[in-house]
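Chain nomenclature is as follows: A, B, C and D, assigned in order of appearance, with residue numbering initiated at 1 for each chain independently.
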Amino acid sequence: MLEEVVSIEFNREIGKDTFLMGFRSPLLASCANPGQFLMIHSGRETRDPLLRRPFSIHGIQDKNTLMILYKIVGKGTSLLSALKEGDAISLIGPLGNGFTFPRPTERTLLVAGGMGIAPLFFLAQALKKAHKHEITMFLGFPTSQEVVMTDQLKDLNVDLSLTTEDGSLGMKGLVSDLLDQHLSQELTKKPVIYACGPTPMLKKIAQKAITCNLTCYVCLEVYMACGLGICQGCAVKAANSKGKSYHSVCQDGPVFSAETIDWEVM
Amino acid sequence: MAVLPDLSVDIGGLRIKNPVIAASGTFGYGDELTPFYDPSLLGAIIVKGLSLRPMPGNPPPRTAETPCGLLNAIGLANIGIEAFIEEKLPSLAKIKTPLIANIYGHTIREYAQMAKRTATVDRIAAVEINISCPNVEAGGMAFGTDPDTAAMVTDQVVKNTTKPVIVKLTPNVTDITTIAGAVESAGAQAISVTNTFLGMAVDVATRRPKLANIIGGLSGPAIKPMALYLVHKVVEAVQIPVIGLGGIMDYQDALEFLLVGARAIQVGTANLINPKTPIEIINGLTDFCVREEIGNINQIIGDLRTKGEGHEKKGNRKDT
Amino acid sequence: MAVLPDLSVDIGGLRIKNPVIAASGTFGYGDELTPFYDPSLLGAIIVKGLSLRPMPGNPPPRTAETPCGLLNAIGLANIGIEAFIEEKLPSLAKIKTPLIANIYGHTIREYAQMAKRTATVDRIAAVEINISCPNVEAGGMAFGTDPDTAAMVTDQVVKNTTKPVIVKLTPNVTDITTIAGAVESAGAQAISVTNTFLGMAVDVATRRPKLANIIGGLSGPAIKPMALYLVHKVVEAVQIPVIGLGGIMDYQDALEFLLVGARAIQVGTANLINPKTPIEIINGLTDFCVREEIGNINQIIGDLRTKGEGHEKKGNRKDT
Amino acid sequence: MLEEVVSIEFNREIGKDTFLMGFRSPLLASCANPGQFLMIHSGRETRDPLLRRPFSIHGIQDKNTLMILYKIVGKGTSLLSALKEGDAISLIGPLGNGFTFPRPTERTLLVAGGMGIAPLFFLAQALKKAHKHEITMFLGFPTSQEVVMTDQLKDLNVDLSLTTEDGSLGMKGLVSDLLDQHLSQELTKKPVIYACGPTPMLKKIAQKAITCNLTCYVCLEVYMACGLGICQGCAVKAANSKGKSYHSVCQDGPVFSAETIDWEVM
């Protein structure tokens, strides 16, 4: 965990309101794992926005360049998108616990909704590198204009299925529908599921996985003030009320085993 | 050439090496920010608010950002004073700066019990009484809005511990000086001003409050002018030292509080954004003193100049 | 296709065509911003605070910027109610929207006298009582921090005018609901929440307060979460309509206040920065209603959803 | 008086921390007078800084380009200096009352301290254009690195004298010293003085002018919240306490005849 001011190498729109940003940080690049995240602050002179914003590490390029993939949803991401090559940003990372890798023989199923693709792409890359895993991936986006990273995933030899909510590309519907369909088939080998995306999607997937008794890891996105484990702001209800009642997403997560979360209240 | 200035100050019998203190609830139990710097460099550390028994905290979402501010309704999530003393304190041995326990009780009796528990713990240098938390049902702020109750809590804590007692006030009152006067009379050795301001925010897309608790406490730069005003008022009203806090982000902010008369300052929300803030403030104050040829930080404290009209004195910086 | 939504609301007997009102002290006497748009488009205009006799205001500097906030200590500089009625009002004839007089007295008697003066002036549609100005020596906020005094002022104004009476409260109190309840009982037809928060700022280079008056009132986005909280509390406590204000900069901010139950909103500091703010808010509210298929703005007012835990309902926008 | 969002044509550092910014605005350019000012806001997504900042109109180029000359002194000016060609800013103007021009035969003396040069350069330009006035100008800066616009003034055929506080260029001292010296000579013709700069400098000059019974116009810089005449924040004490006690700088000024201000309290 370190704080570093880095210089932006690129920051380009690769889909509607969706940006890929890269910055040089050999130190962070050398220790980043899929599922971990960064807390980023763009403003230098201004106190508005006040807090850093959390972003998953999306990958590493040429050993020294770290990437994030993000979508404009508000003030912070909008300001981020206006930054140009050479501009400085401050980041803290790598934070949180990354994904637990599957055993080399396990069937691996990645399910990404929207920007959930950010950490899962990094995971796919890492898995392919480590063990040449066979990976099935379900991707969901609101509409075709927001679809990103499919070429890169195909280059990685990932078995890809796509949904869009409006049906403008791939199957029409939600990515969780794709998973339901898939799991309703007779499966020879139980998959390990890795999911990241909006909370309602994760809830559906996690509950399905628990019902089917499948190992499932979710990468949660909640509102974070510090990302450092000091404010206790990022609580999620723990499933097992005998132990502690809340997990800290920034410290105990953001990756959780599905059954450790109380999905009822999510 | 330049001799380093003496930054040490005395807060109600507790001498600290510099006036920069980590505020409760924004610094964990004391060692969480060690990856960024050695916490021993701080004047003191006030640990996360402790209650008699562990508290799980409020349901999420617990935080929301507002313009230049942070709303929180953590609800005093903590492991309880017993676990803190038994399990946490030993691992903080390597931190060479005073640790101050911030305590919160549901009843006056609980405050007294916790005070007693701290009395025999060497590592706890002082007690800060939190009678100002807006995020818990019973007690909390309620104790801090009435002078008599505030005095009763103070009295019980003072009687039950051997440590210097600091009372942390709420800003959510009509006249903070009456509360300050009451806790001074009840034996408080210092006063912290201020805890968070009551606030709320609504997500217009969902039409729901941004905090599950609906209301929360506002902190950060947004509250700085109000906190500064309250410190100014309390400094004028009491004899005991006042510790100023609320929105301090850099050494200039810290100077504002020192100039109105705060003996020391606390850094809260800024820790969440830039963990190194307290160190940057210590360095900034040191450089400022060197630049202005100030040998002792106490020369700045209370040196607000209010005579004369207008801003004609601008640029007239040196007089030490 | 889309029928325009009905934005009109009723505030204590005064019907206004939309819930967007210009706040006192930030809109001059009514026609100063005419170069930017036709003020007739506004729901209503509350003119600069008026006193019985002209007041010169405080010495400068009178304003200072703080993080997302503005401190002011104008000191109610105004030409006096008589000159306003005689010299200013006639030139405002072309403005086709209700004008509300904001009145401030040094004594209860002065409030009564001013109320009486408004009674016969057709062009004044309502009276807003300012018992919450932090920037004047006598009276001002002092009338607004005590329920009994607040009630007395209200009572005298209600008795002496024929117009709807709105009481504008100060946020600088322990429990705003007791003040709100008192002025409601005394006959107020509506309540404005809130005036500015007490604050100060120091110029560290000169070691002087940034305001010659030392203290001032804080407004702007910084105070929005606190103002929203207060509106929420007052709406729960009284039956009469509440007008919300404090830091409203855009239509989303306005929606936050309407959702917690404000019947109308006022735009203050935003006028100083972007004079067209009120118009942008009216347009924003109109578009929002069209988008969400809301025929009448009253369907939004008070529609805050507080049931259920967490933010799981996100995106669940439509229910009209 | 209008609000306009304009696109920056250039924004370059022409002296230490001193920037010259130009933006296209045919409308404003057509009605701007020397001494008038603009209220400028740079931030789009952020509320910090909150208020607009006032800047004198520094001149007009090619009929359609308006210029300001400014120095970085705080948050607002620092953010302004980071803007690049093509970036948008919002401005309101032209505001306030400009300078009353001298009669064609009057000796004209301009006295500028630091950024006080901004409106006075525009005035010099306009006077030369209108009547080919003979203009004497005294310029003061803290140090040689901050000296700007002298070449352009020479091109205008202005009779120029320079001071720096540290003596690194021109005479060592304050620009008001230069004026004192000048006025201590036997003058054949009484000059009309136009002064702009820091308040302590204006105070000295105004008091001197009043003593010497000279016509003197000062352009005041005070803290302004709105610049539009609605907040009453920009008060300065009026000299004649029989009339109103305070002037509004943004409405009644920023140019005042020296004797209308109560300099004692400035």
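Everything that follows uses one rule, which is that a residue touches a chain if its C-beta (ideal position, glycine included) is under 8 Å from a C-beta of that chain, and two chains touch if they have at least 3 such contacts.
None of the values given here were measured: they were computed from a predicted structure.
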Set of chains whose contacts include both chain C and chain B: A, D
Higher-contact pair (C-beta pairs counted), A-B versus A-C: A-B
Gap in Å, rounded to a whole number, between the CA centres of chain D and chain C: 36
For chain B paired with chain D, centre-to-centre distance based on mean C-alpha positions, whole Å: 45
Of all residues in chain C, the ones touching two or more other chains: 59-61, 67-69, 220-221, 309-311, 314-315
Multi-chain contact sites of chain A, meaning residues that touch two or more partners: 47-49, 223, 265
Topology of the chain contact graph, where touching chains are joined (line, ring, star, complete, other): complete
Contact set on chain D toward chain C in their complex: 1-3, 41, 47-52, 90, 92, 222-226, 228-237, 244-246, 265
Chain D to chain A touching residues, read off their complex: 43, 45-49, 75, 78-79, 82
Complex interface listing, chain B residues touching chain C: 59-61, 66-69, 71, 145, 172-175, 197-209, 212, 214-215, 218, 220-226, 228-229, 232, 247, 252, 255-256, 259-260, 303-306, 309-311, 313-317
Of all residues in chain C, those that touch chain D in their complex: 25-28, 32-33, 35-36, 48, 56-57, 59-65, 67-70, 72, 74, 77, 220-221, 249, 269, 271-276
Interfacial residue positions of chain A with respect to chain C in the complex: 47-48, 198-200, 203, 223, 265-266
